[in-house]
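Below are two complexes that have subunit A in common, paired first with subunit B and then with subunit C.
The block that comes next holds the complex of A and B.
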């Protein structure tokens, strides 16, 4: 069973990464900076639990806030550009963050050993979960509580006036501006929320792997982050989560038994899924069907 | 007619019964391998898998493993790809630990080994630590000092510190005219980086070599023009290339293109493999590398031939995978492992204890010593590329 708990944890922190990109995508912006925010969250949370001895929850919140602050700072200049220029700008930011951690040394003596980030060697012994006796089930429940809270908050946000504002900016910037919306404020807010969520995801990731290094947060991770909401569809948060389950649960783990063929099938199946479901795995029609189904069930109950 | 039929039926039942009894007396001893079978370092996984299968085949054909209750166990090997990523490595081992495997051999990449060992229980038997209780016996990941992370982690990899200290001392004795050293480092690969900064860069000044700096590149790089210009500008006597075969060959080819020559090339342990010679035999001519494997003994020759049957080649990494299977056979027999479905966790604990108790193991080049922190001190030699083949330059064991 432990393996399935572990898989659920992986799906959990990837879901947070995907949801962080989902918020930004609602405003029509394609950001490749999410891996950078994820990295900031991972390093900040790990430093608080390992070096300062904090409990994981406040460390995660601090990580989320640090990533959100960085997203806000980056958001202002980056979101002044659009389309491909924004993709390049956010990609450059992600790489800058990665290279920062590649050169970041901050080790302190803890007993006989030194702990903390050590540049390219990485940051080892982030063992908060096992050291506090958390079982695989405990960690899985914790991760999915965080995912549920974030997904629930985004679901609510989507149905609020602010959600409508986000989608309005995403649909047509000119129209949104002509009705008096401050585009920069809306986009930077979305970027900040996305940064916070990515920071939370990174914090969990660091404590899952127990060792982080700059290479974990490269372009591939940034691509996955943006691929989840695009593959899942932007109709609602469920699409992103379904896409993460499809990629991490099915393509990465489910097909492992295929050995070398798995890598060949990986890309082909993503292309196939996008062709069969061009509007996302959970498109508008599916979302309506699900809503009708659950609405009927709720009425019956 | 009826009598004949009855006799035939009885004989058939007896044969089936005998076969059944024989099958019941044979048990599968499941050992899983894992490592990179895709990406730039996929050769690690391919060769390790071949070596493990070859060793298992050799043991099984010689009668198998004698289990604690007297039955015979046959080693069953399966190999899983972790794509050289920490996340997948952890996932693969959790998958393996959830099944009937008694022990796992791997991983290939140090950047997987480090997080993976962190997931294991740090001190065996510590009830307050909920880390994974599953023995890992590493064959390839060579970055120094990793096994001390967990008491469930064991390694059969050579000590690069010992090998490069000895190599530089020997080189300086043989070639006193060599004064300076410059390095090319694959910066984003844990092993390559550690091998230069923590091993070679420390060892070189001890024998009076002046370190003139380093040029840096990444594992995925394909263009080395700038780095080779840096090498040319430094004009060192020795160029140490702390990189894997793929980029080692890229740099050597670029050096040839730019006409850059040095007096001596020193390579990374992992590059003493066939991939280097397949990729750039001409450019690598003369490169000196310390290694813990070369087919210089009868056992090593036989093992290399056996691995070739399984479509792999033995090098210092895969040779360790081959040795690990034999070491595990010995531990399983000594510790009375039962390999029954209901004794899996107890068997894993026995294997952990057995591996921890080892002071010495048999290897393809001779005896290896085991250290307190679960590492190996393996015999080694220096090889150099000569006429498209690896040839032994100096063997401390025979000199």
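The block that comes next holds the complex of A and C.
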């Protein structure tokens, strides 16, 4: 049973990562920086719980705010460019964050052992969950409460005026600008919200694995982050969560019997999927067909 | 560290920077004709260099055969990437080719790790003569060799682009694909050949990186991808002179950062250099007249 709890936790923090990319993607921006914000969240939260002895919840909020602040700062220069230039800029930012943590030493003696991030060796012994006697089930419920809160907030956001603004910028920047929307403000806000969500996800990740190091937060994780909303489609938050369950539950866990070959298959599957379904697994036509299956949705559309 | 050491660091950086220029040109060429980024390009170039090692290691060929084999292999890989990631995907969906080439990047990386069991492979130096002394400065002979070969590769490319029919067709497609098609050029053929040419250049770059570092390891691919993309952005997307200048700039700057700070921190400053350019000159050094994007 613990295996399934653990899997549900993995799906939980990957869902937060995917949702963070979803918000940014709504405004039409492809950001490969989400893994960087995830890393900031992971390190900040772990430093608060391990070094400062905080409770996990305030530490998570602090991690989210730190990642959001970073996203806001990065957003201004990065969002001056669009499209492929933005992909490159955010990729470089993500790598810069990873390299920063590769060089980051901050160790404090705690009893006989020294704890804290130690450059290339990473940050060990983030043991808040076991120290406070949380079982796998408790952690899973906690993770999914956070996911539900975030997904619910985004669901509400999607239906609010601001959600319409985000989508307007994503559909056509020129048209959005000509009706008086401030593009920079909208994009930076989306980036900041995305940073906050990624920070929360990172905080959970750090406490799930108990050991984080810079190599966890590379290009592969950034690719995962944007792959979820692209695979799941941008109609609503559920698409992203379904995509996470599909990728983490089926592709990553279900194909474990393939051993080393699984990693080879993963890249090949992305290439194949994009050749067969260039607009995502659930593109507009599929979405319409699905909507017709569930009659109520079709009438609304 | 005195003034002489810093100048020395810049000289070494400029010599090695030509490999970054080549990778930047490869990204920019593909962007020029298709307005797409081939994210797997740098990894494929290094994969070509790995393929070159098959010659001496398995077939018993002399060590110098590594270099031509690497270049040819990278050209072939370039065409395979065109077929798998671009040929059958509609140009109208920008995310699709981005994702497919990222998928290819992961696939190429994994194949290399699989084939070498993750172990670094020794790579022969291009030339191991005595260093050339120039007053207080020393020019490493192998780096001078790398520099010269990269300059020759660039010269061949420019001659190809500006002196041959294929080059004219490539430039025509880059300017206006529909008009080029109306004049009877086969779009798919030109695009495919551009990938082969970019791949050959990448093969030169991959082999030269291997030769100057002395070995190839799977860890290099990620760094070179990011550096190559940074060069492309600093130079201005689609600009070949821009990529050449930006490659030298990044090479020199990174070696200077390494001399001032240390090797693990230097790449952070290279990223900051990119952000400085994004703030001050978002279009790059040699931006196309059309503006940024």
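Throughout what follows, the second predicted complex is superposed on the first by the 257 of 301 C-alpha atoms of A that agree within 3 Å, B and C clash if a C-alpha of one lies under 4 Å from a C-alpha of the other, contacts with A are read in each partner's own complex, and residues count from 1 in each chain.
Here is the rule we go by: contacts are C-beta pairs under 8 Å (C-beta built on N, C-alpha and C of every residue); 3 or more make two chains touch, one makes a residue touch a chain.
Note that the structure is a prediction, hence the values are computed from the model and not measured.
Shared-chain residue A:6: touches subunit B; no touch with subunit C. Of the two partner chains, subunit C is the only one touched by A:227; subunit B is not. In the overlay built on the shared chain, the residue A:207 is in contact with neither subunit B nor subunit C.
Of the two partner chains placed by the overlay, only subunit B lies in contact with A:129; subunit C stays clear of it. Applying the stated contact rule after C-alpha superposition, one finds that A:263 touches each of subunit B and subunit C.
By the touch criterion stated above, A:187 is placed in contact with neither subunit B nor subunit C. Shared-chain residue A:252: touches subunit B; no touch with subunit C. Contact with subunit C, but none with subunit B, is seen for A:82 once the two complexes are overlaid on the shared chain. Subunit A residues in contact with subunit B (one complex) as well as with subunit C (other complex) are 102, 120, 260, 263.
Residues 31, 36-37, 84-85, 88-90, 93-100, 102-111, 114, 222, 225-226, 229-230, 232-233, 237, 264-265, 267-268, 271-272, 274-275, 278-279, 282, 292-293 of subunit C are the ones touching subunit A in the complex. Those residues of subunit B whose C-beta lies close enough to touch subunit A in the complex are 37-38, 80-81, 83, 85-88, 90-92, 94-95, 97-98, 111, 114-115, 118-119, 121-122, 128-132, 149, 187-188, 190, 193-194. Subunit A meets subunit C in the complex at residues 30, 77-78, 80-85, 87-89, 91-93, 95-96, 99-100, 102-103, 119-120, 218-220, 223, 226-227, 230, 260, 263-264, 266-271, 273-275, 278-280.
The residues of subunit A lying in touch with subunit B in their complex are 1-4, 6-7, 10, 102, 120-122, 124-127, 129-135, 208-216, 252-253, 256, 259-260, 262-263.
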